[in-house]
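Once you scroll down, you'll see the structures, which are given as structure tokens.
You will see chain A twice below: alongside chain B first, and alongside chain C after that.
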Partner chain A sequence: MKGLRLVIMVALIGLVALSLGFARGNRPEREGTAAPEKPVVGAVMVDITNPFFVQVMQGGNTMGEALDVEIIWKSSEGSLEKQLALIESFIEQEVDCIWVDPLDPEAVKPPIRKALAAGIPTVTGANLVEVPGNVSTPFPSYDAFYQLTGMIAAYLGNEGSVVYMSGIPGNWILDQYQAGFEDGMKRFPDIDILSIQPAKMDPALAAQIMESWLTTYPKGSLDAVVFTTDPDMYAAIEAMKNAGRAGEFALFSQNGDLPAVEMIENGENGVKIDLLSHGIRIGAFNLMVAARLAKGEKFPEVLWFQYAPVMTEATWDKIVAAGYRKDVQKGDPFSEDYITPERAKEVIADAASEFSDWQPPK
Partner chain B sequence: MAKADRRRRAAGGPFFRLILEQYSILILVIAASAAFALFNPRFLTLENLINLSRQIVPMGLLALGASFVLIGGNLDLSAGVGATVCGAALGVTFVVTKNVALAFLVGIVTGLAIGTVNALFIAKAGFGSVIVTLAVMTILQGGIQLLLAGRIVFLSHPLFAFISRGTVAGIPFTFLVLVAFFLLAWYLLNQTKFGVHLYAAGGNRRIAEVVGIRIQRVHFLTFVISGLLMSVSGIVLVSRLALISPNLSGFPLLLNGVSAAVIGGISVTGGRGNAGGVFLGIIFIGVVSNAINFLNVTPEAQDLFRGLLVVFALIFQQLTIRRRLPAGSASGAGTGGAAGVKEVKGEL
Partner chain C sequence: MNRLKQTLRYRIKLFTLLGIVVVLIVVFSLASPFFLSVTNFVNVVVHSSILAILAIGMTCVIISGGLDLSVGSIIAFAGVVGVLAFRQTGSVILGLAACVTSGGAMGVLNGLLIGYMGINAFIATIATLAVFRGATLMITGGHTISVTDPAFNFLGQGQILRIPVIIPALAALYVLFFFVLRRSVLGRSLYAIGGNARAARVSGIRVRLVTLGVYVLSGTLAGICSVYVIGRLSSLQPWAGLGAEFETIVAIVLGGINIAGGEGDLLESLAGVAIIAIILNAINLVPTIDPFYQSVVKGGIILAAIAIYERFKIATSR
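Presenting the complex of A and B:
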């Protein structure tokens, strides 16, 4: 047994060394490999395993190549302590800009102030972090879903029954989507919200929730299902197919994933409107801001990242004819009134070109 | 004697106590289902029961694997993520090769490989099961990210559709698979030497070694069985969703599976429990999860609601198990050596 333990220990040491070598190959390092003139952006993400954040990294990398900056990606793995430590580490490494996706917009303020005091510009994505000198690129998530409810109501003729599959309770952005949805729906007293259930961004749970709804609400008693994120919608669609009820309801979601966009384009499964945020766009936008800050440019302290509602022209005509009008609350969440699926696919494929000449609104 | 008599009368008599002790989990399931049906009558419709029977399968298979490991006195924390890795391996193989038979083979072999790795570290090399399986879980989490690179992969094949929604005589196919595995488990635990050795090894390792039981071999097999069951669980999971995603429920699946096993009477210290109890345990957990959606429990209160019900079930089950034990045998873990082995087998 002792001999086996020794063999296992040696094998493990070898595996660890191998994995380190593999991992180092995927991350650009500043010392020794970077051209001295190339600015370096330190990016601290919430995690890098969720498909959304993988898209963010893809978009960031594409924009980084276009703007000739290097990016060091780090994952907080959902831990606030780790996130704060990573920011401090980037300060010590004297990167040219720090881009953070904060787990807690209040808790990150001290290291953000420290970075700014050290002369390192900062970008905080998805959240409003009010520190003088910091550039926030928040999602207008409340407004996005507030506006979406107006579209849903118009699509349903201002009456009907809907259910909402929310995200992770306690996650600020996802909670804002829910708040915007609930407040927006209050404008339409003839639309009933029958149920709100959290799928926690878990497709298996999303399928289970949908199965319960299909059992609870027989044919004709439910008109629309609203999702916080496209992966939940895909799992729910599978549950609908299993029950023989795919296409019975109008589906509305957020993300703008390619499969969802294609469902809208092809009229499949009842998907009507999807708010295009898309990780690739978000990554490209934030990296663009970080890269230009690293090169010495100045920006206003709040730059709202804008969604684009994806729908067919027929859907747009229908909701306009039913009386839909934009009702801006805190800020306009949409870059355009709507975009077609074809245009959405172009945007997803080439996020770098969408933002490379971007200028902040006056 | 008078005190004992008064206690018996207060408990409702020997017959009521017997029912409670032998069927505590079944009583829990029935009581919970009845209570939830009062709030929403559609809870007990055939449609929902069919949904429930499908929903419990991935968790149930993990619970069964966890049971073998727990009875042997160990713990497998890698099972949940392992199931999603097996599902991912199956999915990626299918997408690349378009060969569904090969994909299934890869899924099964992946689970067996994970189980074997755990077995080598724990049973052969003697490392602690908690730390080894925790480390393997972490490695698997990284592995799935490398495998999928954050993508969602859609699966489309008639076999996945059949696994997802196929029925045999109106009963979901996957539920029948679950029942078959439980029957096999019952046989292994109750009718084979392996079962006797497993209970002995988990109940009192020292005595089991003295009487000549090959503890290493027994523990090795439990982790391989766990690996096989995690692969089947993963296959069912991805077939049900027709997709593979890095966000698939690995850890919640494990948590629910182990909870179901413990509620079903499996002792976390080893040497006690049976397949029938675990089956009822998974039904209880499935009923609770299903009911949370049916009762429209607010998102903020769901974890609290689920946790309180599970704690209640554990306390209820533990109180009735304590009554079943002979005097001086607080944990019921076969402290009497060979006599303990017989006693444990007698409970089955």
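Presenting the complex of A and C:
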């Protein structure tokens, strides 16, 4: 028995040693040899089950093909601990650039520093992560909703009542949308904010909230509903339809999803303005930055990702006539004053062409 | 003769687990050239530290015939208490002590519910899971709280001679609790209670007190985890530890601990943790595993490991 145990132990140790030798032989060399065929970008997403992140991956893949880079997609599954582990794994794999969508901009700083120290450039999407050498591509989310309130107020003739369906409390971007909305509305004392409820990016919850509002606010007592994200708006529209009140309110949202853009184009369900961010554009933009960093290009440390307000020409004329003017706070959140639904559809369909020749603003 | 058979069976079980670990190392070394390196093995240990610490407490609880599903929530709430104490007093020591002792205090609640009131462990700890998590969200409002003090974050980010502090800390915990389970009166009491609580009571073991004690131990270890998590993330996360209890149970059951209680030991749990940790690390490293299939691949490998282990158990029990 002792002899058998010894044989088994020796065999196991031998197998480990063999695989060690084999693995070392397989490890791609980084120094002093021919450059790898394609630069590799390691992408750490928050979650890939949410439709938004599926769009981000789609946009990233399109841009990756256009710029001839390989992308390794990994999901943090909503866990910050897992996100840090994935960044460290990408450092171990010696990828050419790491793109992270941080769950927490402070917590990712240590592994970002580690990556930069290892000579791997980093891009942190949607958040400002202040680490020297890191490129952040934050959303000007506060400013975007601050500007949106000006558009809403002008559309309503600077008086009326609105409700706001917020996102996930504690999520920095979504909190910034809410802060921008609340601060922006303070400029219009004749517009009442009747309610703010968090839908937590859960369409089922969004529908429930809308049903409560429909019960609470009878016809004529509510003028506009503002959403943080289009999927919440679709769920709320279904609730409105079930109650026979679709089209009664002016709806404003963010994302620029194709169904929302078409509702604006066709005048359906009261959707008036949607801020085009769109997962496909976000994915394409961030991958563009990551790919060019991987190829050795340099960028400023902050590159603001800009929205584009989607509305019909008639809506734009109406709000301008009612006195809407841009009132920039921290930075201009919009790439253009507005874009039409037709132009929005072109941009969504071909995000790679929108950013392939992109240059940072001087 | 019976004892000899038991010892032999135990050794074969351990060797089988070790064999599975080695096979996984070989397979993943071939699948990824980055797997078999010192820095990656350090990553494996660091990334599985929470699981490893919780596994100690959960092993003790399960051996005693119980279950603690609240450990993930304890991590979060202990963190809240510790960070608030630190912010109020400015004292790192008080803050860290508050993390650990509040974990123990939550363990007291579990222990009283289960040991003294006789509530089923599954039900009691599912309830306290919700209570502790809810309290965390109430106090934090769902927001994270940044913690940048390097002393506070030492367990999560510090290094000694370029080795992450958590590694020697983990080793010390495992050595300590290995001897507690194997050689101490407490350890023997846990096995006795898990084997047959009535017989244990009749033989003079203070079952209620020992039950209370094991949940205090589990909570205290979760409190230690909260210190590590805060340090690693430089912040208190209200959702910290979410799902950790289930992952821990999977790991120690994979290691061969009997969920009914009364048998098993820390080496088996450690083997189970190692298997899970290696699988999770390899999934991160192998680029060809599409992220949409990660859960399927993870579950599949775990199933395969369990199937091999169970097959060996059946073969060796004849």
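Everything that follows uses one rule, which is that the second predicted complex is superposed on the first by the 327 of 362 C-alpha atoms of A that agree within 3 Å, B and C clash if a C-alpha of one lies under 4 Å from a C-alpha of the other, contacts with A are read in each partner's own complex, and residues count from 1 in each chain.
By definition in this document, contacts are C-beta pairs under 8 Å (C-beta built on N, C-alpha and C of every residue); 3 or more make two chains touch, one makes a residue touch a chain.
Just so you know, these numbers come straight off a predicted model, no measurement behind them.
Undergrad: For A:T215, is the partner it touches chain B (first), chain C (second), both, or none of the two (neither)?
TA: In the superposition, A:T215 contacts chain B only.
Undergrad: Considering only touches as defined above, state whether A:S89 meets chain B (first), chain C (second), both or neither.
TA: After superposing on A, A:S89 lies in contact with chain C but is clear of chain B.
Undergrad: Report for A:P169: first if it touches chain B alone, second if chain C alone, otherwise both or neither.
TA: It touches chain B and chain C both.
Undergrad: Pick one for A:A235: touches chain B only (first), chain C only (second), both, or neither.
TA: Only chain B; A:A235 stays clear of chain C.
Undergrad: Looking at A:I196 after the superposition, I want to know if it touches chain B, chain C, both of them or none. Which is it: first, second, both, neither?
TA: Touch partner of A:I196: chain B, not chain C.
Undergrad: Once the structures are superposed on A, label A:K318 by its partner contacts, choosing first (chain B), second (chain C), both or neither.
TA: neither
Undergrad: Once the shared chain is lined up, is A:K295 touching chain B (first), chain C (second), both, or neither of them?
TA: neither
Undergrad: So, A:L80: does it touch chain B (first), chain C (second), both, or neither?
TA: second
Undergrad: Going by the contact rule set out at the top, does A:A207 touch chain B (first), chain C (second), both, or neither?
TA: Only chain B; A:A207 stays clear of chain C.
Undergrad: Do chain B and chain C touch any of the same residues on chain A, and if so, which?
TA: Overlap of chain B and chain C footprints on chain A: residues 5, 8, 48, 169.
Undergrad: Quick one: in the complex, what on chain C touches chain A?
TA: The contact residues of chain C facing chain A are 15, 18-19, 22, 25-26, 29-30, 32-37, 39-40, 43, 46-47, 50, 140-144, 146, 148, 157, 229, 232-235, 237-240, 242, 280-281, 284-285, 287, 290-292, 294.
Undergrad: Spell out the part of chain A that touches chain C in their complex, as residue ranges.
TA: 5, 8, 12, 15-16, 18-20, 22-24, 26-28, 45, 48, 72-75, 78-81, 84-86, 88-89, 92-94, 104, 106-107, 109-110, 168-170
Undergrad: Give the list of chain B residues in touch with chain A in this complex.
TA: Its residues touching chain A are 40, 42, 45, 47-48, 51, 54-55, 58, 120-121, 124-127, 141, 145, 149-152, 154, 164-165, 237, 240-243, 245-249, 252-253, 289-290, 293-294, 296, 298-300, 302.
Undergrad: What part of chain A is in contact with chain B in the complex they form?
TA: Contacts found on chain A: 1, 4-5, 8, 48-51, 53-55, 57, 166, 169, 195-198, 201-205, 207-209, 211-216, 231, 234-235, 238, 241-242, 257, 259.
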